[in-house]
Amino acid sequence: MVVRRIGLLTSGGDCPGLNAVIRAVIKTAVNEHSIEVVGIEDGYEGLILRRTRKLGLEDASGILTIGGTILGTSNRANPFGYPTERDGEVVFKDRSDEVVSYIGELGLDALVCVGGDGTLTIAHRLFREKGIPVVGVPKTIDNDLYGTDQTFGFDSALSTATEAVDKLHTTAQSHHRVMVIEVMGRNAGWLALGAGLAGGGDVILIPEVPFRVEAVCEVVEERVRRGKRFSIVVVSEGAYPQGGEPFVRRRVADSMESARLGGVGEWVGQEVERLTGMETRVTTLGHLQRGGTPTPFDRILATRFGREAVKLIASGNFDRMAALHGTEITSVPLDEVAGRQRRVPLDSHWIACARSLGVGLGE
Amino acid sequence: MVVRRIGLLTSGGDCPGLNAVIRAVIKTAVNEHSIEVVGIEDGYEGLILRRTRKLGLEDASGILTIGGTILGTSNRANPFGYPTERDGEVVFKDRSDEVVSYIGELGLDALVCVGGDGTLTIAHRLFREKGIPVVGVPKTIDNDLYGTDQTFGFDSALSTATEAVDKLHTTAQSHHRVMVIEVMGRNAGWLALGAGLAGGGDVILIPEVPFRVEAVCEVVEERVRRGKRFSIVVVSEGAYPQGGEPFVRRRVADSMESARLGGVGEWVGQEVERLTGMETRVTTLGHLQRGGTPTPFDRILATRFGREAVKLIASGNFDRMAALHGTEITSVPLDEVAGRQRRVPLDSHWIACARSLGVGLGE
Amino acid sequence: MVVRRIGLLTSGGDCPGLNAVIRAVIKTAVNEHSIEVVGIEDGYEGLILRRTRKLGLEDASGILTIGGTILGTSNRANPFGYPTERDGEVVFKDRSDEVVSYIGELGLDALVCVGGDGTLTIAHRLFREKGIPVVGVPKTIDNDLYGTDQTFGFDSALSTATEAVDKLHTTAQSHHRVMVIEVMGRNAGWLALGAGLAGGGDVILIPEVPFRVEAVCEVVEERVRRGKRFSIVVVSEGAYPQGGEPFVRRRVADSMESARLGGVGEWVGQEVERLTGMETRVTTLGHLQRGGTPTPFDRILATRFGREAVKLIASGNFDRMAALHGTEITSVPLDEVAGRQRRVPLDSHWIACARSLGVGLGE
Amino acid sequence: MVVRRIGLLTSGGDCPGLNAVIRAVIKTAVNEHSIEVVGIEDGYEGLILRRTRKLGLEDASGILTIGGTILGTSNRANPFGYPTERDGEVVFKDRSDEVVSYIGELGLDALVCVGGDGTLTIAHRLFREKGIPVVGVPKTIDNDLYGTDQTFGFDSALSTATEAVDKLHTTAQSHHRVMVIEVMGRNAGWLALGAGLAGGGDVILIPEVPFRVEAVCEVVEERVRRGKRFSIVVVSEGAYPQGGEPFVRRRVADSMESARLGGVGEWVGQEVERLTGMETRVTTLGHLQRGGTPTPFDRILATRFGREAVKLIASGNFDRMAALHGTEITSVPLDEVAGRQRRVPLDSHWIACARSLGVGLGE
């Protein structure tokens, strides 16, 4: 089959490097293979609501360093279950056949889907159930995708998180405080562990290692005994106490008195203050981790992934995801990736490293 | 009077540039005037609890670029009312006479107090009531000190806040969201106004202009009509709705379910989402604004202030605060500064500028 | 006169903040005054070669944070003397009448000229000699324009230069070297003085203070005696030795062996190495100082200047330049600005500050 | 053998991450293995001139984020050939036996040598010829060490170089210029290739691919034809024209007229200007690439390497270098590393990627 035209979509949470992928897909497709690229707006939503536009070399110009995605994205649009209001209730409707028709009308020979686990699982279903030739590109700032050593976006988020830890350090020291910082990572602790190691955190709490708040306090107090009247605690949003459950950030929005129920970071901060009597402050880093210009590492990785996606298509290799193995770019079947997570192994070198350096893990 | 030895303390919230002041005080005192410098630890607490150390040229080495303060600081230590526990209750005890004695024992001919309104008010009382020759250096990231065009620390905090707005911009755009960011500024809106202007915010809410949430929504919806499906709202922590009161961030700490009652940023976010139906996300920047290496502007301003403090002492000008007027460093009586605030004038150029650019102020 | 349409050009060397001015001009003109804006490409060259385009609100979108100028610029295009080749020789031809005609054809009621001394001098002539209603906006990374406390671009260049000094510091220290860094500033030493103060330089050489290389060496050697085996020397490109002349960077381009004749930084480096025997390294910062995203300070200043330019036009105040005086934006007659330079006064506070801190000025 | 005390030295050119290695060695040795650490000053020079000091946990505090090395370094001190002046001439004297004696006196059971190829080759000789138990840690910003996927320092240098390319981009675009930037990399093009890919360079010249200047001009001119009136050329300092030889930067230091003979970057700039007639500017990035705070990636990698060095010693594995293979830390024999270089393979993915994106390699 000669590929003449491909579709490209970015889906799921914002992530530095998306535009670098888009640029690499366009340049490789147009320059090397004379393939046309059709940009699909706002992830799968553009396939459902029929919003697309042609992407030429001029669209690839000047976007490499810019955060976000020029195509837009959406978190919840799923062709196999698109939310629709019926009689005042939200029901989920399978609109995948419409999507298949639209892809046909657009004359797309293949589809590049850039996203995380959810995005890639949908891509895999589009291939398996509907016969759409898809290729995936792994994106997540959490770095918890299966099948690749690293996702693009992680290095940039790590950079933002580490810079935040650096900033809190001097304040902690000047005020003799415990500073708690909650970073992203609902299921995997890569970001907290990375920022903790890179920022010189004293305690790192991750979802893979349920913690005891007493163990956190022991580290803090041991440091005080050694003359260090401050501590830095880095917490994954998905960390939780032994015997407890992951925190769910809830929102109550009915009055000016309304409250956001805090996450695990705030709970840890309160408990540490209560148990040690030390002044404690909590920072929840939030969406800052998704934004900003990508790091050079992520720009290069995203560029390599984008090129690989086109190469896979040009050589007829579908239902696969571009992946980093060691220093090489390769690909893995989407089937192996979909629905799985790459969590921090308890015997991983990063964890061993944290232990050797005397970092507390809340055990 | 020949000045032979001076004391130096940093007090109040952490602020980029404190070490630059310390460095300039030491260098100017030792190099130019052969004055000894005694560092007082943790602000006024060091005078009460008798914690001091000698500061020589070697202590000034390598600290210019480092955030925080090598002397430590405290927020609550006041010689005229130091918290003491008596019969299980906290009472405030006047320990200013002890402080005067200690200053005498140390042989200090004068005292440099680096801090905000609270710190400088105490300094003024030490001079007026106890005859201690004091000189003040104006510090606050909020820029709300009276008597100086700008405080050191503000430019650095503005840099951190603007960088955060920049990062949220691309996410807002990619996801078609309203992004609300709450920055510091309990009484004055300089930081929100500055970060809003510098970051291209669409709405800026400050304490000086009580807002209507409907006016915020109007801007957001007008932008949607013009094809801009995202908006950035920058909010001072001290902003509040017309007819309402400033939010007080409260903490309830009795169970794992406990909640931090959100600030004004979260309330605005919830209201905008409720009223417009648009997806909204809130970021509370918090302590990140106090940390990090100072900007060149702040390093220079802090250096100039530190030098001026020593010059004032060497020329016998006490009870004054170093100040920036235009491009010049001068000084003003502490009496004019203490207990007053420099809020954003409603007819200021920054506000006029925001209006001209079409930025909403929530009116 | 009712102003309906204005022209806007950016001219001279690249400078962070140009796009912020463009954005503010467009937004203020269109939003507040319903004035149309015509963008002139590549500075005065666009007026001579007739290259313009309409600028609407959509052109102002997303450019605030981006370096460079979306209108392009040129260094040498002067309507009163435009270089033309005739018989193999370059002659300068007065094309100002063509420019006047073109401005008439475009229906421009006024012209905003953003640039440095050269740009503003031409603007002034266009007003005085040709009756074109002009308004100027002061731009230069050197900060040497007369009539304003500061130009936009300076704070950003200072930020780049200071960051470079910071980076060289640790290398100097680790290798026990003298690191010389040459920064921009042909006629005025603001940038070197600022980066030297902010970066903790040990010697600062500026055009206003002709130096003796022996005095530089004395500082370096005195530091060695005090146990500091490294030194940082910050040099303006326009600095020169006592009794000598400013260096002119020449280029000889005739063979692979060809050489760029070094600037003053390299000469100082060689002399210091020769005279002290200490290992010395030279960095010439060059064009990096002109690029990058503007600092928040520059974004705000550029925005205020851009707005002021439109206000001046709307109120019929021509032949003036927007200016910063203290914290206020005002304006000054171009006649006072053209052909003059704001050099560092020898009795300025920055220089006094450098002396107090023990920084050598090569005297 | 029970290891009780080890020596630690950093040698060769400055590199971000050295202090992170030092910190990890101290923390792992002291915390986990109760091994004492002796710091050797200025690389091998400290072993020859007997300058050492004890390193405790307190020395590891606060250095993680700081560039340079607290131990100092030297480029030329070799125990097997230490330069000595004899009768006005420099001769190289073998002082390795003195070094062995000194190591014995210090009671060192092993030696950790952090450095590049030169440093590690000496370490290997100390083991093989003198029986000193050594372990190496691979350091170079050039990333050209054999036996490891990446060295620490490279990611930080790449970050500095890419930021510089970003800054030049807007200037190039605004002025319609060719901007040439010369980055480090005498033997290998990793840094130029990385910064070129990450910064969106149009031409990348590396030592592995001798270039034709005509091919560079073709890219530049082809871009002009496509409406892009600017180009970015990233050049390794070790790049050279086909049929030519690598440039050697020479210094002539005998008069004020003296010149630094330019490097390949300047030559390329001059040739491109001469052949295309386009305005061209050259930036030589120089020592900035060695300085600054390490990136999170480098901090983590350096930490892992430092820990691994201690682990190797504790388990009696000498004459090996810590290495990164994929995501794992392992070790390789120094014999395989010494005297070899890891250049960019012509069939590497980075080069394929550059080609696919239409980047010129000067072929």
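Labels for the chains are A, B, C and D, by order of writing; each one numbers its residues from 1.
What we mean here is this: a residue touches a chain if its C-beta (ideal position, glycine included) is under 8 Å from a C-beta of that chain, and two chains touch if they have at least 3 such contacts.
Here the structure is a predicted model, which is why all the values come from computation and not from measurement.
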Centroid comparison with chain C (C-alpha atoms), farthest chain: A
Cα-centroid distance, chain C relative to chain D, in whole angstrom: 34
Chain B and chain C: spacing of chain centres that average the CA atoms, whole Å: 32
Rounded Å distance, chain B centre to chain D centre (Cα mean): 41
Shared interface positions of chain C, touching two or more other chains: 166
Pairs of chains found to touch, sorted by chain label: A-B, A-D, B-C, C-D
Residue numbers on chain D that touch chain A, as the complex places them: 24, 27-28, 31-32, 61, 64-65, 149-150, 155, 158-159, 162, 166, 194-195, 197-200, 228, 295-297, 299-300, 303-304, 307, 310, 325-329, 349-350, 352-353, 356-358
Chain A to chain B touching residues, read off their complex: 10, 14, 18, 42, 66-69, 72-75, 160, 163-164, 166-171, 173-176, 179, 241, 244, 251, 253, 256-262, 266-267, 270, 273-274, 281-284, 286-288, 290-292
